[in-house]
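Got some structures for you, see below.
Here chain A shows up in two complexes: once beside chain B, once beside chain C.
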Partner chain A sequence: MHIPDGYLGPQTYVPLFGASFVFLSVALRKLKKELATKHVPYLAMAAAFSFLIQMFNIPIPGGTTGHAVGAGIIALLLGPWTAVIAVSVVMIIQAVVFGDGGITAIGANCFNMAVAMPFVSYGVFKLINGSSRSQKRTSIAAFLSGYAGITVSALLTGIEFGIQPLLAQGADGRPLYAPYPLEIALPAMVIEHLLLFSIIEGAVTMLLLRYFLKNEADVVYALKVREA
Partner chain B sequence: MENKIPSFLIARSSAAPLAEGRGRLRISFIEKSIQHLAGVINIGHAQWESASRDAFLQKIDARVKVLFLLFYVVIISLKRDLVSESLIAGLIFMLALTSRVDLMDLYKRVLFWGFVFGFLIAFPSAFNVVTQGEIIFPVLNLEKSHTFWIYHIPQEIGITREGSLGVLMLTSRVMNSLALSFLVLATTSLPEIIRALKVLRVPDSFLMIITLTFKYIFIFTKTVEDMFLAKKSRLAVHTGNAESRRWIAGRLAFIFRRTRMRCEEIFKAMLSRGFADEVRIYKFSRLAALDWSAGICLFIAGVIFLWI
Partner chain C sequence: MTKSQRKLWTGLLIMALLTPLGIILPEIFNAGDAWGEWSTETLEKLVGYMPEGLQRLADLWKAPVTDYNFGGEGSSMTVQIMSYIASGLIGIAIIGLVIFLISRFTVKNGK
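Let's turn to the complex of A and B:
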């Protein structure tokens, strides 16, 4: 899912830097106001937790393993705006320290995984769960929130890849950046997520939320907001 | 003299797989997680060690290196020909050489990730099914061409000149970007890089969040690694996938609790040291003559790369 350097042209990565910057600034301002002096250690904690979620390989049927991005569960546990900052910080550290995702693509990766994914996950959870107290419904809502969040993120990545041949071509008509047109990039990104990675994300979101509901229901932001 | 150490202690390291090949003790998720975590810790340590060497790029101010990295990553993304990419690759190699970076380690990582993210992903686009053009390497000849919805499969399938040029271009661009960022990282400690982001007017509070996150990550990565090793050492029989997933959910929740507790402790420590909601990162010292000259040389070289 992490877009490396070289796949997106400046026509795409510059506006996405701008869009991510706007969301990040709003999130920082909002949380600084809400959390007052505590916002720095709190957000660092959320970011570290977001990074650590990706360290857990989950066994899936067929003998293979995969890991979740975690933006969905962070949005449910700590709120979507906290997730925007937490996952953005992780994207920056991953790109700079581990070479996971490109430096020019930080804006695009943040937009896909740190902006779109938490809001979609949070929105889907609220939509399906509503004010229900049924554990079954909450579990389904959690699974679908993780599933939808990462699928939308993959869809956006597919679109960003797919529009590159339309935006930048050489004199001979050869694409200068990601070479696959929309009709290839979009299904390639979305289908593999619908069938595998979104299931992992959904399962992690559901399992973790269920654990918290059973043991520490008071810490779940998505449910606190409901009660408020 | 006979070895008195019990055989089970010298047979394998704690991280080696158990019951290899029998297929009864399926713990690949533990092995993969341990490898993943060990990789994170290794990268951190290797970077710290190489950034503290007394060599060319290590002596340059982090602000110059961060601006150099950003400027050159943009140049790499703008260049459209292989000659320019090769020249940039040459410059990066020279800088790595003069900075006494472990070249084998640097280029092993660059080649691996460049192959995965550059070549492997882009390779199918070399075929005329994706990129039209002159076929230079025919692979398959079908009886007739096929059209399915918006997809068209031509009668003759092969690698085109235009497609292979595109793959080469993309691979070299990915490899150059990786080499550049790994080089800057190998010659600069992360706290210095984060501090240097101040020149881009990134707010101090955001830089502080990144710094704290980086520290938390290393503390908790070790905790998570210990968790996996403890789980592995206790495993004697096969555990089902569902049971493993429940265990992971429990451990993730535990980590969440630990990070929250650490956050409270850090906040109290901050308050006891007089923190009053104002994050201030220490100011940099003035740039030295070496920083200015290196910065100007790299800038001129960059402009030449943009111009050619």
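Let's turn to the complex of A and C:
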């Protein structure tokens, strides 16, 4: 899901840099207010986890590959704003050091995977789990939170690819950047996720949430009772 | 470091050692690039021409460890596997450093 350099024109990547910058700035300001020294290792572990899980490319036999992102479980454990920071750090390092995702597309990739995904995951979890204490319901909510988060992320990526032919054509009328139109790019991105990669993300989110609820329930942000 | 944190770091280390599965499985199942992440050569083959703007931006940045592979294109699977594990560990190290720097600037003393 990492958009490389050249696939997006400036009409797309510049505004997405702006959007991601705003979210990251707000996230850093919130972190400044709330982060305590004892939380720093968790932030580092969360980012390391997201980086590593993205290295596990999952094949569709004879087709493409994809991977989980881990932004959903990070949002549930540390809160969506902290997830914005953890996953953005990963996106920037991937692009700069490993050429995974383009330099010009850092804003877009951050927006899709480090901004949209944690908030969608967190929102879906809250919506489905409510204030329930049932373990079964919490597990289902966690699965769907990861599933929905990465699917929305893929949807946004598909839209960004797909609008390129509409936004910029050369003198010969051919697309200047990503060449596939929405009716190809959108289903290509969304369907492979709905059928495989999002299921993996959902399973990872659910299993890790269960682990933390069992072993370290006090770090789970999404289930904290907020005292007025 | 608390006991449970040591356990989590161990888990991450094991993950790093297992990352080569992420290149071996796609090889076994004959799966190619992720959708939309083709190299310029592959894209040109797919659509039959090279979009001008894409060509202009594509090589803007030369990453030090392109595709988590120190051996470059066409290197043996062994080199790729070693590079992949090393990349995972380097990634964790850089992430640790960046998060440490961020926390230096954000965490207030005594909190």
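Miscellaneous remarks
The criterion applied here is as follows: the second predicted complex is superposed on the first by the 196 of 228 C-alpha atoms of A that agree within 3 Å, B and C clash if a C-alpha of one lies under 4 Å from a C-alpha of the other, contacts with A are read in each partner's own complex, and residues count from 1 in each chain.
Here is the rule we use: a contact is a pair of C-beta atoms (placed from the backbone, for glycine too) under 8 Å apart; a residue touches a chain by one contact, two chains touch by 3 or more.
Only a predicted model underlies this, so the values are computations on that prediction, with no experimental measurement involved.
Contacts of A:185 after superposition on the shared chain: chain C is touched, whereas chain B is not. With both structures placed on the common chain, the touch criterion links A:77 to chain B but leaves chain C unconnected. In the superposition on chain A, A:89 makes contact with both chain B and chain C.
Applying the stated contact rule after C-alpha superposition, one finds that A:51 touches each of chain B and chain C. In the superposition on chain A, A:175 makes contact with both chain B and chain C.
Applying the stated contact rule after C-alpha superposition, one finds that A:210 touches chain B and leaves chain C untouched.
Touch criterion met: A:103 reaches chain B and chain C at once. Once chain A of one complex is fitted onto chain A of the other, the partner contacts of A:4 extend to both chain B and chain C. In the superposed model, A:43 lies in contact with both chain B and chain C.
Taken together, the two complexes place residues 4-7, 9, 28, 32, 36-37, 40-45, 47-49, 51-53, 55-61, 63-65, 67, 85, 89-90, 93, 95-99, 102-104, 170, 174-180, 215-216 of chain A in contact with chain B and also with chain C.
Taken in their complex, chain A has these residues touching chain C: 1-7, 9, 28, 31-32, 35-37, 40-45, 47-49, 51-53, 55-67, 85-86, 89-90, 93-100, 102-104, 157, 161, 168, 170, 174-180, 185, 188-189, 192, 215-216.
Contact residues on chain C toward chain A in their complex (touch as defined above): 1, 4-5, 8-9, 12, 15-16, 18-19, 21-23, 25-26, 28-37, 40, 43, 47, 49, 51-68, 84, 87-88, 90-92, 94-96, 98-100, 102-103, 106-108, 111.
The touching residues of chain A, when paired with chain B in their complex, are 4-10, 13, 24, 28, 32, 36-49, 51-53, 55-61, 63-65, 67, 77, 85, 89-90, 92-93, 95-99, 102-104, 170, 172-181, 183-184, 203-204, 207-208, 210-212, 215-216, 219. Considering their complex, residues 26, 28-29, 32-33, 36-37, 40, 43-44, 47, 69-70, 73-74, 76-78, 80, 109, 113, 117-118, 122, 125, 130-133, 150-151, 162-163, 165-167, 169-170, 173-174, 177-178, 181-182, 185, 190, 193, 203, 205-206, 208-214, 216-217, 220-221, 224, 241, 244-246, 248-253, 255-257, 259-260, 262-263, 266-267, 270-271, 275-277, 279 of chain B touch chain A.
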